[in-house]
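One chain, chain A, appears in both complexes that follow, with chain B as partner in the first and chain C in the second.
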Partner chain A sequence: MSGIEITNLRKSFGNVRAIKELTLTIPNGVFCVFLGPSGCGKSTMLNCVAGLEDVTSGTIKIGGHDVTNLPPHARDIAMVFQSSLLYPHLTALQNIRMSLKNSDTDAVEAKRRIDHAVGILEIASVLDKKPSAMSGGQRQRVAMAKAIVRNPTAFLMDEPLAALDAALRQSLRLELVVLQRQLGTTTIFVTHDQVEAMTLGDLIVVMNDGRVEQIGTPDEIYNNPATKFVAGFIGSPPMNFFEGQVEDSNNGPTLRTQYGPIAIPRHLFDRMGGSAHSLGVRPQHIDINRTKTDGSIPGTVFAIENLGKDSVIILHDTAGHDYRVLVDPDHGYTVGESTYMCLDLSQAHLF
Partner chain B sequence: MVMAYPMGYAIWLSMQEVSFFGGFRTSFVGIENYREALYSDNFWWSVRVTVQFVLVSVVLAMLIGLGLALLMHHVRRGRALLGAIIILPWSISLYGAGVMWQYLARGQSGVASSLINRMLGRTTPDTAVEYSLISSEQIVNLLALGNAWNLAPLVAFFLLANLKTIPERLYDLARVDRLNVWQRFLIVTLPPLQYTLFVFTTITLIMSMKLLDFIFVMSAGGPGDASATLTFRLFDLAFRQSNYGLSAAMSFYLLFLIIGSALALFFFWGRRLEDT
Partner chain C sequence: MRRTSLSLGLAALVAVIWTLLPIYWILKTAFIAPVDAVAFPAPLWPSNPHFAAAHNIFGFGYTDADGREFLPAGQSKQVINGLKNSVIVAFFVTVITLLIIVPLSYAFARFEFRGKTALLMTILFSVAVPPVSTLIPFFILFIKLGLTGTTLGLIIINLTITVPFITWMLIGYFRNLPAVEPLARVDGFSRLSTLIFIVIPMARSGIAVAAIVSFLFAWNEFVFATQLVNGTPAATLPTAVSGFLFLQPQPGLLSASLWISIIPAALVAYFLQRHIAEMNLVEPVK
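This part shows the complex of A and B:
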């Protein structure tokens, strides 16, 4: 059985095309993360799946049923909103009950489900509290309990962890993954945070400007980015790009840059052909030296970010482009120093 | 000094018998004026009229205010114009409003007569019926409506400010939870308005209890004394009948009524809002 099937989905607001074209099948039980910068259409997509927005065209199936024209409550979904939104004037228990108030669930079954949800989320102690008296983590758990008691075919989550501090977000992320595995419910999770996407998702859908850039596992997205946007968006510090013209000559393929030619491995060239104009290299695949070597690229140290375990050196070339290089903290470089970048192209990408 | 002198003078006055004939003089009568008020049918009638006037005023002001706020919140086009029209009644002086409402309500040229004749199709003077809204049965409600018409815009704008703070997403949550229109109103819309509703119930209650000018202009306490609220009664006693002592004593009963009902409101309603 399929979890969620979206076919040729389009959504416009007046003349603005928020979702240009989206076709996607999320297998049953999969945790799927929609990742993209703000305004890329990911929240609009979630609203369309939830039934909070009408689609302009296309179909949405949940659990094999066409729900395109059904109201939200008839779609067999549960939604967790941004910052774990709850009714502010109701207690935790009343909030959870509200999920079943107008459903066909009888009282005995409702109580059983609520007890079950309260048990697995360990929120018995906050049931009498109102949201304003709960911590961010407790609100998040109550919002999850409110979703779980509906026993839905799919969970839809719109940046539920966005407003929490970093430490709490990290622990709740883990809880969320464990809970989703335990329940086996198909989940769509929308976020702009790439770390959240990489750690939560079985499947990541990277969106940009109303379009899907790439669909894949976290591993595929990171190691084989399909577009330059995906390559630049995933990974921290972000990938470096060297612009130029790709040519194939007797000496093998090269990228002609303003600093001279850079030899490109044959396998990269074969995959992309001559249309590429951008070479992507992750910060950990660049070495810096004080002396010029063959094919190295000059850069001046502009800033140094010390991350503890390692440091990021930000270099400027003469045109003012930024390049980030990951080095050991005992690198010994100082701001303003002239250096040369040495690229390890075995794991580079051409776009 | 500003507070104490008139207050002290009123207390002194309420314990005096004031006479004008044979020269202005006063004599101390103790609590006689207070006792006389309690034994006066006119006083109890005025208390009754005041309570009815205030209750209807407050309920109407709140309902109309809430209705206008919801209207302004949901209208998409022409919001500024609508807001300007809605705030207008508030900016009209109650004296002027009294004159206007009297014209609207009276028999020959009033709204009720015109509507009835229009519906019955009577266009000639000899067949036209005359229906005045200024009747002893309806006058208090009519005064309260006029008063509410004047107070509601301010209530509406404060409620609108509250409505604007409700996150849109809560309405989405209500849709996923399949709440109907009434449940949505009770669970999402109404709770954040409670405090403003309480404050304005108290304000409109006090303002209505001490209202005089509108009543003075529109009905002058009439017909008969059908709309003689306490304020009108004590104005009448003091400045028409020159019974200053009794009037001052009654004014203290009005003060007790105002303080008592405001405290009761706080005790039964306001106090509970503090922990929400």
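This part shows the complex of A and C:
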């Protein structure tokens, strides 16, 4: 049985096409993350699935039922909103009860579900508190309890962790994953934070400009980015791109850059053909040296970021492009020094 | 730090004395025997409390400890009738104002619709027009409609002031409330039931303040009342009290009638004041 099936979905606001065309199947029980920069349509997408926005065309099925024209509460979903929004004037318990107020759940069943959710999330001590008296983590748990008591086919979450501080975000992320595994409920989670997406998702949908760029597991997205956008968006520090023209000559395929030709492995060239114009290399796959070697690219040290375990050296070429290189913290380079980058092309990508 | 709080305290003290001393001066007169009230220098506080005025104003006679007899005030009927009319006018103005402005300002705060800006400007304009400038047109209109000398007429004219003013005030309040509407929709509330079961309870502070403002406005309104209902059975308390000013000097009775007009307003403000603080402090859950 499938969890959520979205077919040929389009959504326009007047002349603005927020979602251009989207088809996606999320298998039952999968934690799916919609990832993309702000304004890419991921929240609109979620609102369409939730029924808060009408779709312009296309169909949405949840748990096998066509819900395209149903109101939100008839869709068998539960939603956690941005920053774990709750009714500010109600206590935690009243907030949770609101989820069942307009359903035909009888009182005994409602109490059983609420007790169950309160037990799982360990929020018994905050039930009488209003949201303003709770910590960010407690609010998040109450919002989750409010979602769980509906016993839905799918959870929809719209950046629930966005407003929290980094440490709390990390621990709540883990809680969320564990809880979702435990319940086995299909989940869509919207975020613009790639770390959140990589750590939470079984399946990541990378969106940009109202379009899906790639759908895949975190591994696939990171190791085999389908587009230059995905490659540049996922990974921190971000991937470096070397622009040029790909040619196949007698000596094998090369990328002709302003610094001279860079030889490209045959398997990369075969996959992309001659249409590529950009070579992507992750910061950990570049070495820097003080001496020029064959195929190396010159760059001046512009800034150094010390991350503790590693350092990121940011190099500028003559045209002012940034390149980031991950090195050991005892690298010994100083700002303003002239260096040469050696690319590990076995791990490179062509776009 | 100490110096700031000291000067702040001094400034507050000056402000309090400045505001409250004249009010205290007239209010204490209600409990001073007529002879003492006209004495010079006047007593600073009623050291020898005297309750003639408090009885006379409600139409009761009073005999004090010295055996002097004080007759019921001639204006007691007007004052009691004024009190009754004021309660009626203030009550209906408050209720009708709330019934209109809550959905109105909520709609302005949360929905986009055609002509919204033009309507908002219209409301702002009716707030900006000095109420007195509408007095004569209203007077002519009310004469033709037979609404002069009626509480209904007074209620209508009060609403023309309270509705735009408080709508304008509440729009900003509703805008600052957290956007729980999608949450309510997922919970299965319709637009109307969201307003009734979620938004109104959530906005109770703002609505309470709106109620205070409209009650106090209607309770204190004097200019329209003087023109439309003074001297008729529909006269409100402020007009009835003002009648004392031109009669023989009876400061005790004037003071007692002022007590009657201040107490209900003070009670309303006192019981709803925590909402005024809450309305300013309201911190949407982020």
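Operating definition for what follows: the second predicted complex is superposed on the first by the 351 of 351 C-alpha atoms of A that agree within 3 Å, B and C clash if a C-alpha of one lies under 4 Å from a C-alpha of the other, contacts with A are read in each partner's own complex, and residues count from 1 in each chain.
Everything below uses one rule, namely that a residue touches a chain if its C-beta (ideal position, glycine included) is under 8 Å from a C-beta of that chain, and two chains touch if they have at least 3 such contacts.
From a predicted model like this one, the values you see are computed outputs, not experimental measurements.
Following the overlay on chain A, a clash is recorded for the pair chain B and chain C. In the overlay built on the shared chain, the residue A:88 is in contact with chain B and with chain C. Of the two partner chains placed by superposition, A:153 touches none, neither chain B nor chain C.
After overlaying the two complexes on the shared chain, residue contacts for A:52 are found with chain B and with chain C alike. Once the two complexes are laid over each other on the shared chain, residue contacts for A:102 go to chain B and to chain C alike.
When the shared chain is aligned, no partner comes close enough to touch A:68: not chain B, not chain C. In the superposition on chain A, A:77 makes contact with both chain B and chain C. Judged by the touch definition given at the top, the superposed model places A:44 against neither chain B nor chain C. Judged by the touch definition given at the top, the superposed model places A:131 against chain C, while chain B stays out of reach.
Counting contacts as defined above, chain A residues 47, 50-52, 71-73, 77-79, 81, 85-89, 98-99, 101-103 meet chain B in one complex and chain C in the other.
Contact residues of chain C toward chain A in the complex are 177-180, 182-183, 185-189, 198, 201-202, 204, 283-286. The part of chain B that touches chain A in the complex is made up of residues 167, 169-170, 172-173, 175-180, 183, 187-188, 191-192, 276. Across the interface of their complex, chain B is touched by residues 47, 50-52, 71-73, 77-79, 81-82, 85-90, 98-99, 101-103, 130 of chain A. Of all residues in chain A, those touching chain C in their complex are 47, 50-52, 71-73, 77-79, 81, 83, 85-89, 98-99, 101-103, 131-132, 139, 163.
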